[in-house]
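Read from first to last, the chains carry the letters A, B, C and D; within each, the first residue is number 1.
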Amino acid sequence: MGQTISEKILSAHAGYPVYQGEIAVVHVDGIMATDTTAPYAITAFREIVGKSGRKVWNPSRCALVIDHAAPAPTEKISNLHVMMREFAREQGCPLYDVGSGICHQIMVEEAFVRPGDVFVGADSHTCTYGGLGAFATGVGSTDLAAVMLTGKIWLKVPQTIRIEYTGTLPKGVTAKDLVLFTVGQLSISGATYQAIEYCGSALETLSLSSRMTIANMSAEMGAKTGIVHPTGLTLEFGLRYDWTPVLPDEDAEYVRRYSFDVSALQPQVAVPHSPDNVKDIREVEGTKITYAFIGSCVNARLEDLQQAAHILRGRHIHPNVRLLITPASKNVMLAAVQDGTMQTLLEAGATMTNAACGACVGAHLGIPGDGEVVISTANRNFKGRMGNPNAQIYLSSAAVVAASALTGAITHPAEFL
Amino acid sequence: MIQPLRGIAWASEKYVYAFDIIVQRFWTSPIDPVENAKWVMAGVDEEFNKENGFRDKGYTFIVAGHNFAGGGKSIEHVVTGLMGAGIKAVFADSFSRLQFRNATNYGLPFITCKGLVQHVKTGDELEFDPSTGLIKNITTGFEAQALPVAPFVAEIAAAGGLMQFIKNKIADGTVHELR
Amino acid sequence: MSGMTITEKIMALRSGRDRVRPGELVWANVHTVMTMDYLGKQTFAALHELGVHEVFDRDRVICVSDHLVPPPTPQFATMLNEWRELVKQHSITYFYDLGKQGIAHQIMVEQGHVVPGTVSIGTDSHANTYGAVGAVGNAVSVSDAAVAMAIGKCWFRVPESVKFYVTGTWQPYVMAKDLSLHIMGMMHWNGHLIYKALEFEGPAITALDMAGRMTLCNMTVDLGAKNGIIAPDHVTQAYLHGRAKTDWSMIASDSDAEYEAVYEIDVTNIGPMVARPDKLDDVVPIEHVKGTKFNKAFVGTCTNGRLEDIAVLAHILQGKHVHPDVNVLLVPASQQVYLDALKAGYITTLVEAGVAVDTPSCAACAGIHTGVAGDGDVILSAGNRNMKGRMGSKNAQIYLSSPAVVAASALKGVIADPRELS
Amino acid sequence: MDSHACIRASAYVYEGALGDNIDTDRIIPGKYTKTLDISLLASHVMEDLDPEFRYRFIPGSILVAGDNFGCGSSREQAPIALKAAGVSVIIARYFARIFFRNAINIGLPVLEVPHHAIAHGAILEVHLREGTVTDISAGVVYKATRMPKVMVDILAEGGLVPYLQKYGDYVL
């Protein structure tokens, strides 16, 4: 019987062939927790271990990342960071401290996760690594504590939805628009408990960064994981290692199939207060904004910053707008400094923060005010998401954010291309 | 014409910190001379550590040493509390800059007079003429000369504070005369 | 009749008098009034309370976002938006909001809003920094600032002047911060410099660049002084050229001016200095604390977040990596400093060396956000204050030093002497 | 927890648009999650969705919601906050994946009942092992979606921590 990518990867990690609907215990290749989830995971881990002296199953495969509130905005959070540093030292786990960047970007950049891996992260956007062809899924803190101890996780092998994209993305239309469109089509619960396979000719030329953007928002459809077919995948971020693509069998069984032609796709915008509230940009153009944000694990890589810089070059943002940029990682920041992108952005009136989750999670570093309207490259616009329930958040690509920052209203980037 | 002031002094050479003049639990209370006076100086000396403990002594002057009301606290309760307790002038070797500004902005003269504290004991009767700066210790006969107090300080006190003082000046068109 | 010190001259000049005496209260014309994000709304509210709805000069009221950017809470964010509306309503010409922001004192000097011979006030204690260009800079309360915004005047007590005559040659890697800390140790915090005007003079001062002069004047407030001042010279002239927003002229103390005290310091004998935790004036030569372990390092603030400070950091960390047990945070003092550091290649060098670079702002120095200290943190900071709880937890320890010491120590993971770098 | 026991309590129901897609940001806003103090979590639970929740919800009651309960982030603080606020069981038509796992892992019983007409205030009797919900007020018995055995076992032990303390590893 044919297998989907998820079934193939999970079979390889279970030690025997598994199929959708089965419960399996699989070995994991790596795990990760952040400063939001690690403190609970550490507490649970210590509780399970008790005085037994058991350690993390493989410290070198267990990463801790300080990214959700970095640098610490309060004393309490600073104390949680202290706790993480102590645990990392005690167990010998790698710790990515303040300034390293967003966990998902780091996991890929540091080759902590590779194509074909099973990866478990205590963050819902762990599915980002599906852009690399890994089976990666988000779990909670206690689940992660159990994996820390055992190196294994129990999973229900998911059914898979296959989404095929044909045609070529028009100029100024990005992977973010493609995935926002998809979230709009499938809805916020359209893939609950299921895996998504993204494939088709339109994706084959996409960069790893763009593939990560697509896989990332699988979480917004409730999916367990989302994997982009590795056809045409080229490593990025200076990564160099050998890998074997895992592709589905021709007779693999899919629960649903979709096919979209992206040739006429317009930039997409998710309007408040749900990521599946997606509209064609023409329907929301002119909506006044005062705060523009480029950041988060979905769209803060070099190509996003370059997209923005391309639009902002030689121009200055609207006087009523604040444009905040939070690069996805230290390396992204460095690359943007070295190729002049950063200078262009700063000269256009943008403000740069250190590499972190920043304003996306609403812990600090750019909370909107009451009644404020935000255009953001992030992946969620739930009420209160950026820390203020009285703000309106619109989601889009970096190109749309940059164009909107110039005019003070939601704007089609074509005007500036 | 500003009349000379006469009254009894409380004197101490030791450091008098702002956070002892108004102890921490009263920092957040509203600015109100009567309220602020109830526990003023409570942290400076045990004998003042009861309701109206300092006010009921009936002192008119404070004579202090170095860095009166120092310690880095800018709370205005220090000045309003002292005024509410009947203090009309404070003499010291030096003052905290923050509290000097607060005092002047409420119209309480803070007068720099080096070494005066060595010639005044608590309970001595003093006379002070703000327009000449002359300080007399009636009890001992000692005299010291300080700078006269700028007349606008009394005007601020009469107006009830800097803001009203400036409002009055704007209203009567004399604000440009301030120098 | 004796002459006047530079501070007395400025006070006399700006209050329309021939001369002033220390201790006297005068109303002086202010050149600029600065207010920042977290007190801005309050200051405008106080202005309105005076019944005034127009500032005395919209080119001379400077508004800066520095303490609360990017906003860490919805309450602050909302307050900032309300403030933005007020700034707009008053047609303030110079509004350094997010995008053009920086620490207010850096902005005031760097953007030429303070010039020699004038008096400028701000609603933050480190306004003393303006003395670096030969101006009297002073911190005032919200109501004082509101009054000045209304009528262009503020009252001052003319301070007694104290002179520091500094001679000798600066040792390599010894910075103005070390001199500041040395004076702190010598005179003590809230010691006999309370309310004084501190005048810095002498060949070792002339040798300082503007960044060093700003550091020196900045920290005079921490000595309890009213202001710190350095008479304008060729360095000042060169710095202000193309930068000063208004005309200005040279001014200096009279040769027969009277000082309450004159201290002579030979900088040749001063090495890197460190203030130990909790007490600003517990200052020791670096030899006493060498080898002390710490886990966080911070370079930034209105004391040491300038391009020259970042250059020293970059020079020492060039091609190397910070110690794995240490997290190093750099917060440039302004957006302009960030851009200049970027163009000079320092940002690349530092990020490669493992330094986290965050948004120009006051950051964790004020303990509000961006790097707040946790329990047990030991921090080596190039900032200006190390009192218990200053950066967050009361159970954290803060050592203060120059950026050069921070850089050398960041490499070693323990407090280290930059002069010993091979 | 004795998984053979039944829980009897009244229903606290979110219906219609308010009851569907209740995301973790609305259960506990991200700004409150950076703490290990669970009483603090409990005091902010549901505050953006239902500011009255903390006053009106009677501890011990059963929370009943619609589709896709707990979508959004992986924060375990969401079920922890609900449990700390006194929620004894959550019934939804279906749950978001990570929330479902998290709830079981911390020992908060969750049941998926795809079709039901439970009214606010109805007295319910929940049998976890059998996977049934009896609406005593209406006199109707609903069957919950069957859970994998491993989940029932984890719940039976009161959560993943006690489960692993007991077994040391997953037992299928």
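Please note the rule applied: a contact is a pair of C-beta atoms (placed from the backbone, for glycine too) under 8 Å apart; a residue touches a chain by one contact, two chains touch by 3 or more.
If you're wondering where the values come from, they're calculated on a predicted model, not measured in any experiment.
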- Any chance you could name the chains that touch subunit C and subunit D both? A
- Between B-C and A-C, which chain pair is linked by more C-beta pairs in contact? A-C
- Whole-Å gap between the CA centroids of subunit B and subunit D: 63
- Mean-CA-position distance for subunit C and subunit B (Å): 31
- Task: Averaging only over C-alpha atoms, locate the centres of subunit A and subunit C and give their separation in whole Å.
- Result: 40
- Euclidean distance of C-alpha centroids - subunit A vs subunit D, Å: 27
- For subunit D, write out the residues touching at least two other chains, lowest number first. 31
- Would you please write down the residue numbers of subunit C that are in contact with two or more other chains? 73
- Taking each residue of subunit A in turn, which ones touch at least two of the other chains? 74, 77, 80, 367, 387
- Query: Linking chains that touch, what shape results: line, ring, star, complete or other?
  - Reply: line
- Query: Can you name every pair of chains that touch?
  - Reply: A-C, A-D, B-C
- Message: With touch defined as at the start, can you tell me which subunit C residues reach subunit A in the complex?
- Response: 69-74, 76-82, 97-101, 295, 327, 329, 335, 338-339, 342-343, 347-348, 351-352, 354-360, 363-364, 369-377, 392-393
- Name, in rising order, each residue of subunit D that touches subunit A in their complex. 21, 23, 25-26, 29-31, 33-36, 48-49, 67-68, 71-77, 79-80, 94, 96-98, 101-102, 105-106, 148-150, 159-161, 164-165, 169-170, 172
- Task: Under the touch definition given earlier, write down the residues of subunit B that touch subunit C in their complex.
- Result: 66-67, 70-72, 74, 94-97, 100-102, 104-105, 112, 146-147, 149-150, 152-153, 162-163, 166-167, 169-170, 175, 178-179
- Note which residues of subunit A are touching subunit D in the complex, please. 23, 25, 35-37, 39-40, 43-44, 47-48, 50, 68-69, 74, 76-77, 80, 121-124, 126, 138-143, 145-146, 149-150, 152, 154, 156, 188-189, 192-193, 222, 224, 274, 361-363, 367, 380, 382-385, 387, 389
- Note on the structure: Listed in rising order, the residues of subunit A that touch subunit C in the complex are 70-75, 77-82, 85, 97-100, 290, 317, 322-324, 330, 333-334, 337-338, 342-343, 346-347, 349-355, 358-359, 364-370, 372, 387-388, 390-391
